[in-house]
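What follows is a short report on a single structure.
Each chain carries a letter (A, B and C) given by its place in the written order, and its residues are counted from 1.
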């Protein structure tokens, strides 16, 4: 508890400095930002809808920070910093969180943000959003005056800040819902940009919000998100100066662009990771020894090299941006040294010396999956496991994923800021999504304890133990965490990518000779 | 006309015949080569098509790998050889099915006429109402990606075409004197249709079959390219090309060779088609 | 003529009706619906929420009810609302249509110009080097896969010429020059096979006519050279050429789906594919219907033109 308080106070003290740093980007580039101009960014995938509470697709989450704000935001170092909430307190029993709202924040329609909007936001979220699973321990949300809001939880809930700063924490206005019905085609938030025009699969135009509550940003008058589905074309567009910014889906393209004089490249570590999902309720995969054998047989470095052109890193369950939660490298790296003899012995112990055949799912539109799967299959072949690659179209994959209808599948996740959201959802056998259809009661207990524990140091100990237990029991294989690679034209200043790849960075962007 | 020119023209015609037959011969040889490639792929390919070699990633064509290697260090040459299987399999099955089904529909429609003819024509019209390639792409996309989807999609596109090619000549043939004569002698309708009419209308049908075959190879490649036919890591020319597209700058060989393979095989069957048309069906040009 | 049009309209209506059944049923056979697509992998969803979404899209109804509803809307001239974008299907189609039409027309123009010119030259200079070149070229043109040609052209232009067409779409009326630069390669790729076809037809027809009695007579009367060829021969060869060109137009309309994918042009073909992947049934159904109508209209126009060019043809039976 004290630790947490301390870090929060530190943050409050440095809050203003943090914001300033964000706005001008990397210190080395610190200059006075210039206003004006149109900033064009290319995306490969279109958002299917914009409602921050109804659309779970990552393409939606990525766009939300342009039009909306959260109460709390995670800065590029993944520390929670004040956003719409100025400060917060937790009651002594850990059950009531009180947030003090920033005053004078205006929605795009000119109305002021009040606690009524925050309450409306979460009432709607709990009523009709799949995102309510992030707030499972929250009982209710109550206003405390015009600028105060209380989150009352059923049990102490350490993951609240992560949930508020997560994909489902964006604050909407009641007036917006009244006006538009839902916010799929329209947007009404407090964010740095206002939705102007949207042609699906072509482009989205956003105008600067002149009444944005932060002093300074946004600097550009207009942001255009262009859809260019083919990354080869994105590369060409960057080279020929037709767009200002793009985020690479296929990291090997870094090599094509890194020497271009007119471009600035950015490499940053990502919160998300690629993994090999194992259905622990199917045939030989039920046996923990078989899963361990798989883990020993897989050479993660090789997969990283093929799937992400080597730009990335191997990762323990808590990825690099979750710094304070990461295990020391010595403790997890030893699980990742390929050891075929050990793998074969484990197979034999499990009575599977002769091997077996499984299906390995791949979504054809995800490049890292398509590239990683044949490598995994070739490696598993060495211990007698024949992994038949099965290409499953996205819509069908989701259907089967929800029904847990797969043996093994390549998978990828944008990641989560807090170990509670990260592990509870994925691995708790009854109360989470249980990605691997498994059950390790000790781990369930540990995850529940971690959720209830607000003291940072004790939490850390719990999640250290949990991670080791995860590595031992192999629910899924953390294959690698690819670096996020962005390129901008050199005239673009102030850009900084976020570990979640949500587009927080655009509010600080400015054009040097606009 | 001056005599010189006439002699030139005569000489030209002879040359044309020689040229034609040589060209057809080349086509036939190329086609044979591709068929042999498909049949004996395992023996001919220097390496298994899905064997990865991480010491040899994206290396340029050289003695070690004739067509170079891809991102997994797989041998492009071996994959091109194995890719012929998908192309030929899909073309053979889809056109085979389309010819059988379309032929039967066309023959019965043309010969029986009346309500049956009318009904079949109505149904065919529905399929004719969508441009062929869009129809194929749509069907494959709806059925979900896979080799069988490609087969079904191409067959569906071609059944109506073969039905029409069969029906027209049958209609004309039905009215001819010899058919009436055989009927008068007491032969049943089916005997007449199969024994007498069919052989006389087969030529345009066979020519259309060869052309359809080359087109089927093209459509399959398009579907593969769009990710709707054979799925990686199974090599097909279309999906290799698609995979290679993102390596155009660094490793163009990944997409150049499968593309050449598609072109050569389509060309081969087109040449055979042209030759057959000249021999079997001199009226159509 | 009037009677002919009535008969054609009747048969087109029947065909469209058949098509509605076909498209509707095929879509219902695809695994996965828009609901899963909307939920995504990351959410913990209750069965009630899934049921609620299904109800919202009317997917909880039996298929014949869904079908009847759709037909009802169509009868009222309403193509429906896209599930994934919330926009009326008509709006989406008309956003995309100009791209596809422009692509098709430019490709037809390219194919006709190149095809007819090459065909004439080839026929007039029969058995000479030009003729052989045209014929071999035509064979290659027929055999080259559109997408490979596209890939190779991009490779050639970007690496050897260091030139790239603009990747960001601009429509013709905003910036005609830029628009045509974007269209250059797609049109080239789309039109190649048709140009080859038209060249072959033109050559064959021209040869027929050139050999025919009256051209010889005309030649004997002293008409000579270019005037003879163009005025008489071409006029008589035009009917089969128009037929082939009309056929090609339909084929090109279908070919746009591949070319739009290769060059990522925002046309109708890509809209159809996208809608299928998104399981956006109203969008797929109505767009396919719309394309079919366009296609049939083209065919009808070709037939009418055919009749106009060749007065021997009488419509009516």
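Couple of notes before you dig in:
We adopt the following convention: a residue touches a chain if its C-beta (ideal position, glycine included) is under 8 Å from a C-beta of that chain, and two chains touch if they have at least 3 such contacts.
Treat the numbers as computed from the prediction; the structure is a model and nothing was measured.
The most distant chain from chain C is A, comparing centres defined as mean Cα coordinates. Looking at which two chains touch through the most C-beta pairs, you get B-C.
The central chain here, found by comparing per-chain C-alpha centres with the mean of all protein C-alpha atoms, is C.
With centres set at the average Cα position, the gap from chain A to chain B is 48 Å.
Chain B and chain C have Cα centroids separated by 21 Å. Computed from the mean C-alpha positions, the centre of chain A lies at a distance of 42 Å from the centre of chain C. Looking at chain A, residues 232, 393, 396 sit in touch with two or more other chains.
Among all residues of chain B, those that touch two or more other chains are 144, 245, 248-249.
Shared interface positions of chain C, defined as residues touching 2 or more other chains, are 31, 154, 158, 277.
The touching residues of chain A, when paired with chain B in their complex, are 231-232, 250, 252-253, 255-256, 302, 305-306, 364, 370-371, 373-375, 377-378, 389, 391, 393, 396. Contact residues of chain C toward chain A in the complex are 31-34, 36-45, 49, 84-87, 92, 95, 154, 158, 164, 166-169, 264, 266, 270-271, 274, 277-279.
Only residues 50, 52, 54, 71-72, 144-145, 227, 231-233, 245-246, 248-250 of chain B touch chain A when the two sit together in their complex. Of all residues in chain C, only 11, 14-16, 18-19, 22, 26-27, 29-31, 126-127, 132, 139-140, 142-148, 151-152, 154-155, 158-159, 204, 208, 250-251, 253-255, 257-258, 261-262, 269, 272-273, 276-277, 288, 291-292, 295-296 touch chain B in the complex they form.
Every residue of chain B that touches chain C in the complex is listed here, in rising order: 8-9, 12-13, 15-16, 19, 122-123, 125-126, 128-135, 137-139, 141-144, 214, 218, 221-222, 225-226, 238, 241, 245, 248-249, 252, 255-256, 259, 262-263, 266-267, 270-271, 274, 285.
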